[in-house]
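Could you have a look at this structure, given as structure tokens, before my questions?
By written order: A, B, C and D. Residues from 1 in each chain.
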Amino acid sequence: MTMELLEGETRMKDYSLERLVMLTDGVFAIAITLLAIELAPPEHWDHTFAGLLRGMGAELWAYVLSFTVIAVYWATHRRTFQRFLRSDWVLTTFNLVLLGLVTLLPFASRLIAEAGIKGEPFVIYTGLITAIGVCSALMWGYAAFIGRLVDKDLPMSLRVILFLVLLIVPTGMAVGSMMLADRSHWWVGLIMIAIVAPIIWLRRRLQKKAGL
Amino acid sequence: MTMELLEGETRMKDYSLERLVMLTDGVFAIAITLLAIELAPPEHWDHTFAGLLRGMGAELWAYVLSFTVIAVYWATHRRTFQRFLRSDWVLTTFNLVLLGLVTLLPFASRLIAEAGIKGEPFVIYTGLITAIGVCSALMWGYAAFIGRLVDKDLPMSLRVILFLVLLIVPTGMAVGSMMLADRSHWWVGLIMIAIVAPIIWLRRRLQKKAGL
Amino acid sequence: MTMELLEGETRMKDYSLERLVMLTDGVFAIAITLLAIELAPPEHWDHTFAGLLRGMGAELWAYVLSFTVIAVYWATHRRTFQRFLRSDWVLTTFNLVLLGLVTLLPFASRLIAEAGIKGEPFVIYTGLITAIGVCSALMWGYAAFIGRLVDKDLPMSLRVILFLVLLIVPTGMAVGSMMLADRSHWWVGLIMIAIVAPIIWLRRRLQKKAGL
Amino acid sequence: MTMELLEGETRMKDYSLERLVMLTDGVFAIAITLLAIELAPPEHWDHTFAGLLRGMGAELWAYVLSFTVIAVYWATHRRTFQRFLRSDWVLTTFNLVLLGLVTLLPFASRLIAEAGIKGEPFVIYTGLITAIGVCSALMWGYAAFIGRLVDKDLPMSLRVILFLVLLIVPTGMAVGSMMLADRSHWWVGLIMIAIVAPIIWLRRRLQKKAGL
């Protein structure tokens, strides 16, 4: 415990990294709150809970979906940045692009609230989610393999497995979204789980072995 | 004093916990500010203070109520998290659900600004407040009794009493709200106070005894 | 320098105080940004700068005024909290009320953007500004004289003079606002300056003497 | 590395500076997120991606442009403030004016989303960008040459070159914007690059020499 706390301490001391994290948490906090600001009771609402759900079904559903997406990506960001010792301009650029994509989520959320979970609007929405995940994975890839921004004691196997996990998140989200839109492809989900499960298991094992 | 400051220091060093708190404070700050952004002078306002109160009575009242609710839950969050040493994914999930419910408050506030403090809209509003409180209490329950996320020197009696206090907050808010809507049940409030007073007194006593 | 840095360090270690400050900076940041979100080009705008100023004169003026007010109160908050060692529930309550009043500023700003710097809307606006200042002064008064939340080495004379300065800010703003609305009372401004100048001078002297 | 971390540590300990940075990151985070809140699908949207781009071309373009501008200025702010040891009221004032100008960007962005990248609206937009940059450069100029707010070991040559770089950013943005609006002046861009390239090269060299 003590050692990890000390590590945590030195980790947060880099000024550029600290401010990048502050900006990021600010943007995520605002994006997550703005999702809900769009919600408004339906016109000619009969003042019942059932009427609210009937009149706002698609909107509330889009809210829950987008909230989950932002929450998952925030947790991913936190997990990744926990390993960073410092930042450079490439990491900053990746992170700013990531933030730009996140700020577009309330807009994309409005698209599917209007048009429903189907057709091209939903493809745009899924595309945006996938883009955030890919950007997130590339950021880790750069930091872990090229930019040398992570602790040099972090084993290579763990770096690779984390990269795979980061690539799985957006893929899983895209697949999950597609299955929401068209339930006849349920077997894609099974294949997905068959691929993901061993990777997650491997990551836990490697992380324990590395004492992290 | 010195010892508490040192404790405070180590407490904030856990990276995951620190970022969870930063995100939370951001979301609370935005939710509290967005409550007021909805306020707009009434149409055909006669430019007098009386006219403002007449035209916006329900809206201003909903603003004051929701502001108080968010403020109380923020203070509750601060009090709870002060005891945490680290976070895990269960705590993170509880906290994100809590934030999701908090971001819905401006929306629920709009419902009662429109429909008044009565009927089903007010039940929805009260339900949301209660849900936030229950989520808050479950979070503490998990951290204190299951997840071992708090200082192991924190006496069990204090953990239990804090859990009870956290359950009282939403119950009190629900009861208070019901009494606002229908004043004939004033005796429920008396029973409430008769239950709450000794618990608060016990908490203070236990906290003093534990030297916290 | 070194000593002050160390002081600064211990000062920020109190968990409750630190989170109160984080919430406050968040609310101020949002309030200051929301002021501008209201601004929109006038209908039937002729796409010239002169047309923009002509069509939005009152709005832009209200923006600049409210921005200055929020900025001054933020600086006041920073100056006050720099002296605090810890927080208690009274300070927290004062601070939350202060935040509640600050979040109302964009709304009050809209009132005068609509009705102009005159009549009752401007009195409401000035009243809000004064209330923020009075709340700020009371908060310092409580912390410095009753709650013992400041460094005990801070000389009493300096505490008193800071309290006076804090009372002057809202008074000066109220007087300045009144003079904006009715320029015939220019001599009130002169009396104001005659009272304020020696107090400011005294504060600087006392602060230098105390080596702060 | 170790020394830089220690420096980073002392750098962030000044209370006034730390809070100024927190407020700044908050405002930038909100401004960057609010840019996107304006985006809405076009009326009578045919639910295709092509229709979205056709109906929102100018808006999306204004979003990307303004996002880049805010991101660049945030990075500039971070680079500048990394060198600061403390703040005074002049720096605070410069920084608050900077924030005021940044909060106007979503508004200016709306102007060009409506009127397109041409004519007087675009001149207003470019003027605002330039004003932010000039304010940023003056802030550094004050801190490095007059207010003695930076580390006294920072060589004078590096201070001067950083000031030049800060002046180049807004100039480059203004020139780039003009070229976007009227492509016939492409040779201005060539001259610009011929001036900027050696300055950037010099800064890198000086920074390496100073071991920073």
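Here, a residue touches a chain if its C-beta (ideal position, glycine included) is under 8 Å from a C-beta of that chain, and two chains touch if they have at least 3 such contacts.
Note that the coordinates shown come from a computational prediction; the quantities given were computed from them, not determined experimentally.
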Measuring centre to centre with C-alpha atoms, which chain is farthest from chain B?
D
If you list every residue number at the chain B and chain C contact, are more than half found on both copies (same) or fewer than half (different)?
different
At what distance in angstrom does the C-alpha mean of chain C lie from that of chain B?
27
Chain A and chain C, separation of their C-alpha mean positions in angstrom:
38
At least two partner chains per residue is the criterion; list those residues in chain A.
22, 26, 29-30, 34
Which positions of chain A touch chain D when the two form their complex?
10, 13-16, 18-20, 22-23, 26-27, 29-31, 34, 89, 92, 96, 99-100, 103-104, 106-107, 110-111, 114-115, 119-121, 123-124
Please give the residue numbers of chain A that touch chain B in the complex, ascending.
4-6, 8-9, 11-12, 21-22, 25-26, 28-30, 32-37, 39-41, 47-49, 52, 67, 71, 74-75, 78, 82
